[in-house]
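Consider the two complexes below, in which chain A is the common component and chain B and chain C are the respective partners.
Coming up: the complex of A and B.
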């Protein structure tokens, strides 16, 4: 049985071995945060104490590896800066995941004094047409979410005493694994003039650069690299930074395989051309 | 020539009324987003409720469809029918624990740290993340097979991909200080230009199609070939 070098039976074990090796024996590399990530960090850093930040946790467990480290880092930053955080999601599959991130971060020793309903709240999932729900949030936020994820009435919550609608939110960050940033930009950012940024999976990154250059978003955190950048800025390296060596190794491996493959391809093409000349 | 009364009524039912409805609701749906009045907000909330009700019914239909499909597979012992058994196990387990909700039942908020949450985190989240991580295997395999320097354009794409891949990881930064900048330039300039052109084209197409639908120029949705 002949196994070609492009055969998945060869490539897959190579990838698996490289990832396992990189995760078992990590090498810390210097990470210089990308400008788009620095912009998000700086904006949050400049927000006055008590400002309201909305985190839309619009992803499901499939994007966990990239977006959970990112969400955790941003949430930590907001709580560290004494900002008030409102979390919600448009992805029903990610509702419990969002809640678990908020609970886990709020239980960290430095944030134990933070109170749910005053310093942060996780509203959970809101069904319905996304554009309409955002528009309703723009009119009246606690009316759109009458209860939080724990079924506590929102109208009585201190956090909503001055944050009546989306217009009162000082910064909006959509952490997304799908097309929600498009609707957030159109109906949240543009319509209600809420400054916003996007955190997304790496494959969505190229699409989001369009929004960034059009200044519809003022920052972008893309993929695990973005999460690593944010962790470096926070000076708290965790899962994002830990995954960077594995990502570096895989990228280099792909390039090496592509180069080897092209050398073989060109050699085969030259050989066939010579054979063709010989046979007339 | 006189048109028989029956045909006129049929034409109104099949053509005129649907076109008028499309015009009415098209303009209504468009306008409602731009009217800053509580009436518009209330109407949107009301419509949103309807969407949720229809969505709820769609969930029931979806569940019925899945149960029907997998029951048939098991009854007929079709190839891979064992997977259908796992479907029923998964459905019963997740729905059962969600409804039971650690003896608090489903009308209360989900219990923190309950069985449902445990299954969600230990099974659903883990399997979901595993499925997505398979991309990490497929992408290198696909890249190795497709990135071939067959032509000038293909070579350009290959080089661009290599620069972006290296520039986006810290190792690239260590190889050359210029790589991250080059990768960022590719993303900000040529990538944005191409994406923007595609988005503009698609948006203009959507606007044109919407206007054609609202004003009755596009009638293919009515059927009948008219």
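Coming up: the complex of A and C.
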């Protein structure tokens, strides 16, 4: 097996070395939050105390890298603002992940006084056709989820005393790694007129900007960069911000490799053309 | 071939040895097992080590396809399915079907409620769908499928048209409040772009001049949008105010023209179609860039796990 200097496999250790270097010797970069992320932050900031915010944790561990920092930051923001948070998911494999985020944030010292069922609740997963489930939530939320993730009956929960249906939710944020935002927009946003925003993986970002332009959502947090922006706005830099320097280093490396690759390609082509002329 | 296999075996053995040695070293220096109140947290330790081994197995694909990668891949799929089945059972099948319809048969103290008998319809449809695996009775599964498709279409078509088409058409053609001078400038810019697209294929000095001017204009616009904090940019940004909507409309129009296949792309249609290709390329480039960023994020997360949770270097 020959390894030439143009072997693509040489790129992998280079990228790995760059990430290790960036994580071990981090440099705090100035991060200017994007307008779409600021819009989500500002909307939550303006919500009156006690407003109900629904966080749809529609992803599984595969999207953990981008969406867990985002979910954590938004949840912290809501609890810090004394908003009531209702969590749920349409992804069976993300059910436990959502619960772990809610538990972890609720156990932080500044939120220990928050009570499950009163200040926040994680309802878990609801199977079935997503559009139908959202419609059911629009009719009666506690009846759609009769128990929360830990099998506590929802009808007796103080958080649902004045949040009877999806129409009583003041802000809806779908944190998604798939096509759930489309249905949320159709039924949650457009049908029940719930103001909503989307937090998504970077892959979905360009598609979601269309929804932002059409004003179907009033804010967008896309990818690890979006999570980092939110952490900056919250003045609590964590995993999102920590990954930004590594991401910048890889971007520079990719640009350099693209330039080097193209120069090498052109040089090879020119050399072959000369050899072709020489041999007639 | 034999040499290559031997090399692969040696590489696999070295990697396994490094993993074992690293874990042994971490255990010896007290990093593993993770301790809580002085008590060894063996489950957590095993979770971390399993995570490291699986990460290494998945990354081994970068070298070449191999049994470790395939084992990890299959384990991942199997675990995912197992978790899904468990969640479906405890969230749906057990509380809504088993506890209501089946459990009463084994518990005389509980009886089936009359209102719950309606559940027999979806249960029956579900069982019919399972017959898809049978060669003789596979046709039965078409009935629940037809019901599902018909129901979903009826339920979702109207909201889908409203949300995915009408709202976006409205957002595209929305009136943009601009000074008449700005409208003239935008019109001239559109003419310039169309002329560039038309003359670009003909070559010569007009094409060169038009390309240069168009690229400068496009570069200026991108700069204003990408770096609003640069000195002097706010003034330009004001000048470009409202231009986004025009560019959006121009993009939609030219891309639609590109997808007209019943006419030959020559003359004016060809020029506008070429402009449409530029918009499509920009769109694909943005999607690709975002995809690369997403993959980088996953890689960074894995290294944060390896350097942080495993090696405790972060």
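Note that in this section the second predicted complex is superposed on the first by the 264 of 280 C-alpha atoms of A that agree within 3 Å, B and C clash if a C-alpha of one lies under 4 Å from a C-alpha of the other, contacts with A are read in each partner's own complex, and residues count from 1 in each chain.
Definition applied: a residue touches a chain if its C-beta (ideal position, glycine included) is under 8 Å from a C-beta of that chain, and two chains touch if they have at least 3 such contacts.
The structure displayed is predicted, hence computed values, not measured ones.
Undergrad: Specify the outcome, clash or fit, for chain B and chain C once both structures are aligned onto chain A.
TA: Here the two partners, once superposed via chain A, clash with each other.
Undergrad: Which partner does A:250 contact after superposing on A: first (chain B), second (chain C), both, neither?
TA: Both: A:250 reaches chain B and chain C.
Undergrad: On the A-aligned overlay, A:206 touches which partner chain: chain B = first, chain C = second, or both, or neither?
TA: Both partners.
Undergrad: One more residue to check, A:239. First (chain B), second (chain C), both or neither?
TA: Touch status of A:239: second partner only.
Undergrad: Touching A:21, do we find chain B (first), chain C (second), both, or neither?
TA: neither
Undergrad: Should A:190 be classified as contacting the first partner (chain B), the second (chain C), both, or neither?
TA: After superposing on A, A:190 lies in contact with chain C but is clear of chain B.
Undergrad: Which of the two partners, first being chain B and second being chain C, lies in contact with A:216: first, second, both, or neither?
TA: In the superposition, A:216 contacts chain C only.
Undergrad: Name the contact category of A:127: first (chain B only), second (chain C only), both, or neither.
TA: Touch status of A:127: both partners.
Undergrad: Scan A:258 for contacts with chain B and chain C and give back first, second, both or neither.
TA: A:258: touches chain B, not chain C.
Undergrad: By the touch definition above, which chain A residues appear in both interfaces, chain B in one complex and chain C in the other?
TA: 12, 15-16, 19, 32, 60, 64-65, 93, 96, 127-129, 131-132, 187, 202, 205-206, 210, 213, 223, 225, 247, 250-251, 254
Undergrad: Quick one: which bits of chain C touch chain A in the complex? Just the residue numbers, please.
TA: 4, 7, 62-63, 80, 83-84, 87-88, 91-92, 95, 152, 155-156, 159-160, 162-164, 167-168, 170-171, 229, 248, 283, 286-287, 290-294, 296-304, 307, 313-314
Undergrad: Which residues, counting only chain B, touch chain A once they are in their complex?
TA: On the chain B side, the touching residues are 33, 38, 41, 44-45, 47-49, 51-52, 55, 108-110, 112, 117, 120-121, 124-129, 131-133, 136-137, 139-141, 143-145, 147-149, 158, 162, 165-166, 168-174, 180, 184, 187-188, 191-192, 195-196, 199.
Undergrad: What residues on chain A touch chain B, complex-wise?
TA: 5-6, 8, 11-12, 15-16, 19, 29-32, 34-35, 60-65, 93, 96-97, 100, 103, 127-129, 131-133, 135-136, 139-140, 143-144, 149-151, 187, 202, 205-207, 209-210, 212-213, 223, 225, 228, 244, 247-255, 257-258, 261-262, 265-266
Undergrad: Which residues, counting only chain A, touch chain C once they are in their complex?
TA: Interface residues on chain A, with respect to chain C: 1, 9, 12, 15-16, 19-20, 23-24, 32, 60, 64-66, 92-93, 95-96, 124-129, 131-132, 147, 182, 185-187, 189-191, 201-203, 205-206, 210, 213-216, 222-225, 239, 242-243, 246-247, 250-251, 254.
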